[in-house]
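Here the chain labels run A, B, C, D, E and F in written order, and each chain numbers its own residues starting at 1.
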Amino acid sequence: MGTDMDKYLEKAEVLIEALPYIQRFNRRIIVVKYGGSAMVDETLKKRVIQDVTLLKLVGFKPIIVHGGGKEISRWVGKVGMEPHFINGLRVTDEDTMEIAEMVLNKVNKSLVQMVQELGVKAVGISGKDGGLLTVEKKYSDGQDIGFVGEITDVNPKVLYDLLEKDFLPIVCPIGLDKEFNTYNINADDAACAIAKAVNAEKLAFLTDIEGVYKDPEDKSTLISELTIDDAHALIDEGFIGGGMLPKLNNCIDAIDNGVSRVHIMDGRIPHCLLLEIFTNRGIGTAILSEGEGRYYDDNE
Amino acid sequence: MGTDMDKYLEKAEVLIEALPYIQRFNRRIIVVKYGGSAMVDETLKKRVIQDVTLLKLVGFKPIIVHGGGKEISRWVGKVGMEPHFINGLRVTDEDTMEIAEMVLNKVNKSLVQMVQELGVKAVGISGKDGGLLTVEKKYSDGQDIGFVGEITDVNPKVLYDLLEKDFLPIVCPIGLDKEFNTYNINADDAACAIAKAVNAEKLAFLTDIEGVYKDPEDKSTLISELTIDDAHALIDEGFIGGGMLPKLNNCIDAIDNGVSRVHIMDGRIPHCLLLEIFTNRGIGTAILSEGEGRYYDDNE
Amino acid sequence: MGTDMDKYLEKAEVLIEALPYIQRFNRRIIVVKYGGSAMVDETLKKRVIQDVTLLKLVGFKPIIVHGGGKEISRWVGKVGMEPHFINGLRVTDEDTMEIAEMVLNKVNKSLVQMVQELGVKAVGISGKDGGLLTVEKKYSDGQDIGFVGEITDVNPKVLYDLLEKDFLPIVCPIGLDKEFNTYNINADDAACAIAKAVNAEKLAFLTDIEGVYKDPEDKSTLISELTIDDAHALIDEGFIGGGMLPKLNNCIDAIDNGVSRVHIMDGRIPHCLLLEIFTNRGIGTAILSEGEGRYYDDNE
Amino acid sequence: MGTDMDKYLEKAEVLIEALPYIQRFNRRIIVVKYGGSAMVDETLKKRVIQDVTLLKLVGFKPIIVHGGGKEISRWVGKVGMEPHFINGLRVTDEDTMEIAEMVLNKVNKSLVQMVQELGVKAVGISGKDGGLLTVEKKYSDGQDIGFVGEITDVNPKVLYDLLEKDFLPIVCPIGLDKEFNTYNINADDAACAIAKAVNAEKLAFLTDIEGVYKDPEDKSTLISELTIDDAHALIDEGFIGGGMLPKLNNCIDAIDNGVSRVHIMDGRIPHCLLLEIFTNRGIGTAILSEGEGRYYDDNE
Amino acid sequence: MGTDMDKYLEKAEVLIEALPYIQRFNRRIIVVKYGGSAMVDETLKKRVIQDVTLLKLVGFKPIIVHGGGKEISRWVGKVGMEPHFINGLRVTDEDTMEIAEMVLNKVNKSLVQMVQELGVKAVGISGKDGGLLTVEKKYSDGQDIGFVGEITDVNPKVLYDLLEKDFLPIVCPIGLDKEFNTYNINADDAACAIAKAVNAEKLAFLTDIEGVYKDPEDKSTLISELTIDDAHALIDEGFIGGGMLPKLNNCIDAIDNGVSRVHIMDGRIPHCLLLEIFTNRGIGTAILSEGEGRYYDDNE
Amino acid sequence: MGTDMDKYLEKAEVLIEALPYIQRFNRRIIVVKYGGSAMVDETLKKRVIQDVTLLKLVGFKPIIVHGGGKEISRWVGKVGMEPHFINGLRVTDEDTMEIAEMVLNKVNKSLVQMVQELGVKAVGISGKDGGLLTVEKKYSDGQDIGFVGEITDVNPKVLYDLLEKDFLPIVCPIGLDKEFNTYNINADDAACAIAKAVNAEKLAFLTDIEGVYKDPEDKSTLISELTIDDAHALIDEGFIGGGMLPKLNNCIDAIDNGVSRVHIMDGRIPHCLLLEIFTNRGIGTAILSEGEGRYYDDNE
């Protein structure tokens, strides 16, 4: 039967190794914040979608929350719009909001399409559908930056209904305020708010960095595990800056509100989600509540 | 209590008059094809949404299928695209398709927003979600006109699930072919295919004409009721032309496939849907199967 | 399209106006105490039944509790019975109880009949069915006045079951004591006890007076809204007397036990129920818990 | 342990003997037509109710259909009404119908009361409730005999709903015609129509005779088992007359429409229902479809 | 109708007498510990199974927990195994455990067979199935006596599932420790732990003694009722010894953990279960929580 | 990230490869006949159980049917029983049957134990439980060979119930005849009968041979695919003999009765089940209905 058979047996062993992980998350909700380069590179995109689809098929309940990033900027340029700035910040005026919504919905449906192609039923919604995300206007240091919303309420009914009916929900971060105006929402914030509202077991951020560094200049200082207390300490001591600060605050917020594990991982690593979930190779940084280890112990 | 009270009593009487109609359609599915001027004029738009929302609230199960019409053309221009034509027909090339999908989804979510504002839960989907609409390429006299799809299969599961969970589904006419490419679909065709697939009790087309005329030049020849046989006769005798022909063929197809009543009505008449359904003032043209009258008799 | 169309549009507007009210009470229980002149006049009777039937059809869950009033006296006379009195109070002896039960059940089934005729499924029960109402003997100043019961327990299971199965329950106020003897119950008391037991959103008393007056002699002193505290004050100050006192005490009891709004209205006003619920014309007196207004505000 | 224990053991043996019969009818519907002397004698009445209640408790689904018989005549007299006759037949005019309905409902609720007293939940309804029985006017040899109805339609939904909710339904034989007028119905006819509509396993008539006799003058000719063919033969040969003829026709009708076994038994025999069902002592006459024996054989 | 009929009527009366008891326990769980002589004598065995089957059929939810007793010893001998003893206690070494499990499963399936023969669906399981019983090693005065387990956890899901699906569960007392080794469990302990876990209404021990005696030497000192306090007192005062002590401790434990009534009865009395439950002849000793009487009073 | 990461990525790819297979069988029933060497070798045993457990976890609904094989012979010897033979066939007399049942149940529970250890809930039953398997005595050329049963009826309710409640059912091949005597059943026959009764998607026989050979002497003649017609032809032409003949007849029987694919595979190949199901390496022989290929094509 030779080497050919050996290869097949190895494959079987990989599946068997996944067994305890599949068990662990059976019917648990995993919110995946999908963004960054992994949304641009077609090969990476396909792998992320494969990963999430596999999670669905083996019994998890994944929810994808995605951004639109560079695509929005591209379209804003395409229609020849003049960007507005206040205090150096881009303003989401009504026209920009219109473009942003169109682009986010386009991205949303393209993800639906990819999941459907893999044979899993998906429904793409925005925060408007079923009143999922309610926001209020967000100010930047007191300055009006337009239709940028801060989430004040999440009504997860539509997500629970879609999960119950066996759909994979794909959400784009747009919401309505109490007067039913449309607002853009930061996708990290949306993922975090949703993870909290549905009591997700896991929240995974696919980003363009490897994880949290003690010293961002020194790649060797990547932190594999971080308790809430560690995270607070790092922030207090000023180690965390730039785009990582709000992200880490989101992680802390999620853990404080019942999400068991939050992961910041590099979406550019092929199949990073599967690797994190189905193998004992830790990817990126795991933020945990006090007293928990990165890997589930036997009595959990 | 004078005249003020009289006014109130009159109101009460209107509600009471609606009673038998409410009963008749309790839990029945009504597919509303929403398009034309009623989508452009903001006042008309609000009224159509009020009507459909009321239908939902009093126990009907409406589904909205909408087009994007002039908005698509506006955006195609906005991004400075050159229209392509073959044999005088506009071709939906990849770029046009992209714009069309963006616009249709924008319109879709704006309808969701209006329904939500009236306090009813809505979910906006396209024919991609849950694999609702499967298409194949449509040719115009053998000519390739791009990503224009003909519906080959409807999987109504997502609609049934949303209705069961008490949502008002709003559908935009985009579908996937078997290779999972995106196609634009004629909204009338989509409404008709969906009405057939969900066994709708009623299918109502909101259009920009009053109904079917025997002589389109003579407004006094508006036909109030049309049996299937009448409709075939009119077509065979060449009375029907232009945009009405495919519409009427859709009506016939719907009736032949189990939809009980199809209405072609003028969406510019305020509250035309309510008038048709809750009063005995017939609006537009009703297409009926042989042996049925326009109004429900007592023993039905 | 002229005046005819105008009339129809006005009708449509009335329906649209009802929209927020329909929403507000969707699937909420409303207990209607039906009695007085509105039970004698055939035209009024028909209108009350139309109103309640409409409430059912648009998604409310009404329960009718009715009395038998003058009809009982008429039958007591018809069979030539001698009325018994103690301290000036009519005594419900065994024979009277038998007649009362027969008459109440007759009235009960005639209401069922009227509702069925309007196309809604109704089931008429008494407090005996499913053990709905348990009573103990009621004394009048220590005097035995026969089979007059005071409710000690309500088992609402049969009502919940009928509502779940989409029936409109119609209840006549007869109950059993622990030894399973039959007792007559004051219909106001029965309506109040049932409203409390099923956590009704509203309890409406259809009576023969316009509402609560500050000075019963002066019709201009009709009180439109009354908080619990106001009601207690009115009673303490001796403004309330006669048949209104127990009625108002019932109202207070209902509000104290979780019913949100209680209405005392004049059943002789045609469609008073619809007017109260679907328009902003307040009918009669509304008793509210502290801090609530008569009309629902937007954020409720 | 002596004789006392022996007595107890005997009791246990009786319960054990009932085991196969309990199994046989588990969750099967049994319609009991309750009438005649067993409704007049208080001791017999109590026993019948005990029997039916026991059937309910051990897992059967009994439905009681009852008449009012002599009680109606008593009340017609009590109010001093003049009986009308046409061709020697009593006419159910409007006044008589009113009395009849009152009496039947009184009897109905007294049965509810007795069942409730035994700890089983009962709901008493008439054929009006939930649209159970629809009738048309019945003529006697072309003569109008008033509000006597012939059943044209049974809508068993209310019975199925009550059974599902674990109630014992008790039905009095009153129905509505298509114009919603009230009609009296022969209780045997009602029981038979209901048994057919709910696909009863058994239909038992409690009567004042022992069963079907070959020669009514000779008690020794009591027939224990009768196939459909036998029954037809007996009728054709003129052996059956008087009140037995319509009863036997009802039996045949029931068997022809899916009821498995019909029993005519003497309601004056204490616990006749239990004896028939739980012991191998056949009571009265069993009417069976061709090829079945009176007792269930082992492989059924 | 003579004496034959009298006999039948007596039978009917027995059934009627059982009525209130059937009601009382409707859908309540009864755990029957089945062991001792009643498992050896074929006639007694059949009667116990008849009793439990009857309980099932009339609406109770019985669970049988059984031992294997003498049959295990017989088989240990049969295969020529040498018994091991430590401090005079038989040691359950691996070989003994293997035999014990085989015998217990054989007994288990023979009970399934008997219940099935009576027409009731049974499923036989051990504490391994569905993870029902988790144990840890039990030591006897610090001595290792082999695979004898003490229950540390009960997962009643499999029992609830089987009951919901209308099966009669039959359980043999074998469990797994956290390393998934097989252990033998005392059947009394298993019955008690299961009764607590499923919140049984009753726990009945079928034993080879009549009940609890004040003075085991004097049969006349049989105690009919025992409150928890009484039981503690008896133990403290040293009246209880031998095999009764752990049994009584189990009873106390069960009562303390929500089981309403525990019975110790003589399984050699034919139909002792039915006698205890369906008649007012108390069998053996009932252990009750403070303030309850042996027989249910009317208001319970 | 180097070679370590490469290894992990390879693992992820294996999981991704399994995706379409997981989809294909989602919620489908797979009956696995488990026997032969794979039941003796502890390593193989563990792998088979891992495989079936994985199938369960990723959404399949496996049912294990197992034999007891050599273990029964070992125990028959252990208790010193004399084997009986008729015409050279071993007779299953009462004592042998008793041993066989004990051994089969022991094996059954040891499989439950292994599955539970892997974190999946299992319930072990025999054909007695819930009346799963009914048999009649089987004769060998007219000779009575004792308690060897031929399946006459399968009542799959208990299997459906266990599957619905998310258990993995493990069945040992023992059944009852109509007189409720215990019979041993050939495990292949039991697996086949069960697969037919539950409409299994797949039936896989784990055996000690590689599959079906054209020439059993020549291993190179292993047949990979066999249609029903091919199978009949092979049998008719006399190529199939020995133990393979009844096995192949079982396969044909299963295919003829609605099972889609039957596999005969070598249980000694580690993870043969996973290899067959999750990779495109065909293991053993697949028996298919006419017109189907071994691998599922895209449009199926």
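Observations on the structure shown:
One rule holds for everything that comes next: contacts are C-beta pairs under 8 Å (C-beta built on N, C-alpha and C of every residue); 3 or more make two chains touch, one makes a residue touch a chain.
Values in this document were obtained by computation on a predicted structure and should not be read as measured data.
Taking the definition of touch as given, a chain qualifies here only if it contacts chain A and chain B alike; none does. Path length between chain A and chain D in the chain contact graph, taken as the least number of steps between touching chains: 3.
Interface repeat of A-B: among E-F, D-E or B-C, the matching pair is E-F, sharing over half of the residue-numbered contact pairs.
Look at the contact of chain B with chain C and you find the same residues on each copy: over half of the numbers used there are shared. Rounded to whole angstrom, the centroid-to-centroid distance between chain A and chain F, based on C-alpha atoms, equals 44 Å. Chain C and chain E have Cα centroids separated by 54 Å. If you average the Cα atoms of chain C and of chain D, the two centres end up 37 Å apart.
In chain B, no residue reaches two or more other chains under the touch definition.
Contacts between chains close into a ring here, every chain touching precisely two others.
Residue ranges on chain C touching chain B, taken from their complex, read 1, 4-5, 8-20, 22-23, 26, 47, 50-51, 53-54, 57-59, 118-120, 269-271, 274-275, 278-279, 281. Within the complex, the chain A residues that touch chain B are 78-80, 98, 101-103, 105-106, 108-109, 112-114, 116-117, 121-126, 128-131, 157-158, 161-162, 165, 167, 174, 176, 180, 182.
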